Amino acid sequence: MHEHVDTIEKTFFFRVVWDMDGFRIPPSGLEEAFAPLANELGATWKIHFKGRKLRIAVFVSKYEHCLQELLWRQRLADYPVEIPLILSNHSDVKPMADYHRIPFHVFPVNPDNKPEQERKELDLLEINEIDTIVLARYMQVLSAQFIEKYPGQIINIHHSFLPAFMGGNPYKQAYERGVKIIGATSHYVTEDLDEGPIIEQDIVRISHRDTTEDLIRKGRDLERIVLARAVYFHAEHRVLLNGRKTIVFD
Amino acid sequence: MHEHVDTIEKTFFFRVVWDMDGFRIPPSGLEEAFAPLANELGATWKIHFKGRKLRIAVFVSKYEHCLQELLWRQRLADYPVEIPLILSNHSDVKPMADYHRIPFHVFPVNPDNKPEQERKELDLLEINEIDTIVLARYMQVLSAQFIEKYPGQIINIHHSFLPAFMGGNPYKQAYERGVKIIGATSHYVTEDLDEGPIIEQDIVRISHRDTTEDLIRKGRDLERIVLARAVYFHAEHRVLLNGRKTIVFD
Amino acid sequence: MHEHVDTIEKTFFFRVVWDMDGFRIPPSGLEEAFAPLANELGATWKIHFKGRKLRIAVFVSKYEHCLQELLWRQRLADYPVEIPLILSNHSDVKPMADYHRIPFHVFPVNPDNKPEQERKELDLLEINEIDTIVLARYMQVLSAQFIEKYPGQIINIHHSFLPAFMGGNPYKQAYERGVKIIGATSHYVTEDLDEGPIIEQDIVRISHRDTTEDLIRKGRDLERIVLARAVYFHAEHRVLLNGRKTIVFD
Amino acid sequence: MHEHVDTIEKTFFFRVVWDMDGFRIPPSGLEEAFAPLANELGATWKIHFKGRKLRIAVFVSKYEHCLQELLWRQRLADYPVEIPLILSNHSDVKPMADYHRIPFHVFPVNPDNKPEQERKELDLLEINEIDTIVLARYMQVLSAQFIEKYPGQIINIHHSFLPAFMGGNPYKQAYERGVKIIGATSHYVTEDLDEGPIIEQDIVRISHRDTTEDLIRKGRDLERIVLARAVYFHAEHRVLLNGRKTIVFD
């Protein structure tokens, strides 16, 4: 059981996990049984079953390290997720998808075909009953129309310690600014680029000896781990949204 | 001996410490002896003697934690610094200066009297043969005229992980953005506020449970340590400037 | 509200903080009101009032950095503690106690006089209504008889990442072993030296460039911060004992 | 250029990397050219060519996460290594070797056949011109005879913050001791188990909420990253041995 009170917003957050062994209400009756209390409290609520894995579609462009991390964790089975499909605007990482025998779909995107391609992508996601989309270094900006179909269900990894170095090429920005630490940030995607609620962040120390290439190399390890942790928290339903912030019951 | 080659800027940085025992050139003859080689290499260079302590003036406003940290380290004598005077725009921290028997000068600053007050401050610094100014949570912006008198010799502590949360009230900004990590940054002061070369940074993990007050409390520990480390590196002449970046031979 | 279930030991831990505004039971009636429920549950429980500061006696030997840290935090008043007396087996840090106007008592200890000195110390603690003893780099081992008078109320700082480098001179041990990280550990004192329940730990990265003296210098910052955090958690009654482990509701 | 002086052991360590463009001595003549100076200094020295990749044999048992990490980094080609063969005492991770098309050899080991199996392994290593052996969670202890064939060339990952929790089952030990931080250590293998020179360590924070299984899960990420960093430093010839310690020019 985890609890949090936001005394400023006057909101109460709660997560409870219990064992159904010897529980008198059957799984199918839980929602009906809980609804009256929830209504009385004016609560927003959801019940998830531990056996049910989250269905994730991974969007990727040319870098494979974040995808690789997610596939490896699925294979390890210590995350309650399955990855029934991978989408990309390029075909570069297809061999990795093939090795894991996961359907791989290429949707090249340009300003003209974007609305149409996104429509096709959405169809594909619906057919595959996808719960959550993970942008594993996906280099396209999703449209507002696309995003609103999956509210609080699109997770991105940004390769900087947000809000520092928003936008493109954060490692180059970091190198030029001469920071002593670089970071990575995993957040929910909203219409405001790089402004969505942050799920997880971490950092690594750098020095004047590190070139931009070193930052990219060191940052890769960070991106993988930070994204993996965020997906873990999300898949375990440990993340609750609180406006533009998150509650993470870790 | 420490060395760094900036292959982009084509600059070579070098720091060497040696023992004068049995050295044929006397201390007073070192500069003359080295000058010809330095000229040949087109080098910018300086020779410091280990016995000579750096003379630091601390500027402070109302928060005493960073001042306290510096005074304690001076007292411990593991830093090669002495603090012959403390300047403030308020009298709040005078008791701490008194306890350490360090002259404390108040210069209240407002837009009208600022040029005059800065002139008086500069006189006082000169009389006291100050090498370096440390802004230990000093809440006034120094003028360009003031700053250019101490190039690469004014150290500030900013209570955020720069370049995130520049400007005022970074803890409030961090709280509102919902970051999972906060930081502190110590940097040299230049005309561009919060944009000077970074000497040292560090971070601490936070969570949704932390209020703005908690961030201030946790950040205080960070500010103290980060500023103290930066002053240590500077006082040991381990920091070399490289444009808007630093080389820190730690 | 914080909760933890130890599924192995079958124990349920719970901490709740509430506002007495508009609460029908008066403070003086709380214990009586709660007792029946607690008895039914077989609970071990305590009620603390936020206004009531924890009374701490600091034991210290010759190093003053940890004592200094605690005194400074008391002065800042962001910790719910007061420090009515300081005990030492030496008189080295008396000036610091004097500055803070805190009674300072010297009890030189040797194998012969130890039982008698400890008796005197215990008397003094009792007269001063001390709740908790903090060993701020106190270099004497307390007897089992002494420890059992303050169960779960004696906090120590050990200058290593326990259980690595137990016993004396951990920085020298760390230097000789060539570790790349050093740590500090704050724990409750039990009869088994360096084996008590751990409250807080932290680390700092080192390298081959660091001498034993550098480890001592870097470690000092760690010891101060780790001890201060442990005292904070303890003073806020955020630490619950679970056998030889702690639950820290941070 | 990196330099270190061990003032206690009176030893001078040095690593220099240079560009052969326009260098008058040809690569094949470097050793002959440098030898006289080295002899004069009584130096232990080696010259490595950047183009030449280190040939690594990975030894593994049943856990694949560390192996996977190394294979992925080889594939990325940002490490100057190649992995021409994988050895194991089990066949569990064969599919991963097959996917990467790396020869996989199984040598089941028991007390009786150990000398013979090790002889066969050594033959295989010799035939494949292996420079370095990486024990990527290999659960067998190598004999002294085996180890002395590859002095300073066998790298192990131990899943604890050495010297804490030496020996078997460190996560269980850590859980039972109630530490607040766990670590991983990569070190050179010597005859003294878990006592070899440490190359790299890192840690992750844990809490009372973490079960032994959580420690294993969190530790896996640490082991992978720590081992990968150690192999990187080693492959770039950034690690020099100094008795039972290492100099890492990072």
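Labels A, B, C and D are assigned to the chains in the order they are written; within every chain, residues are numbered from 1.
Convention: a residue touches a chain if its C-beta (ideal position, glycine included) is under 8 Å from a C-beta of that chain, and two chains touch if they have at least 3 such contacts.
The model shown is predicted, which means the values in this text are computed figures rather than measured ones.
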Shared interface numbering between chain D and chain A [over half = same, under half = different]: same
Pair joined by the larger number of C-beta contacts - B-D, C-D: C-D
Centre-of-Cα separation between chain D and chain C, whole angstrom: 40
Centre distance in Å when chain A and chain D are each reduced to the mean of their C-alpha atoms: 34
Multi-partner residues of chain C (at least 2 other chains): 209, 250
Touch list for chain C against partner chain B, complex: 65, 68, 72, 76, 78, 99, 209, 217, 221, 225, 228, 250
Footprint of chain A on chain C - complex, ascending: 1-3, 5, 205
Complex contacts: residues of chain A adjacent to chain B: 4, 6-7, 161-165, 176-181, 183, 197-203, 207-209, 211, 242, 244-248, 250
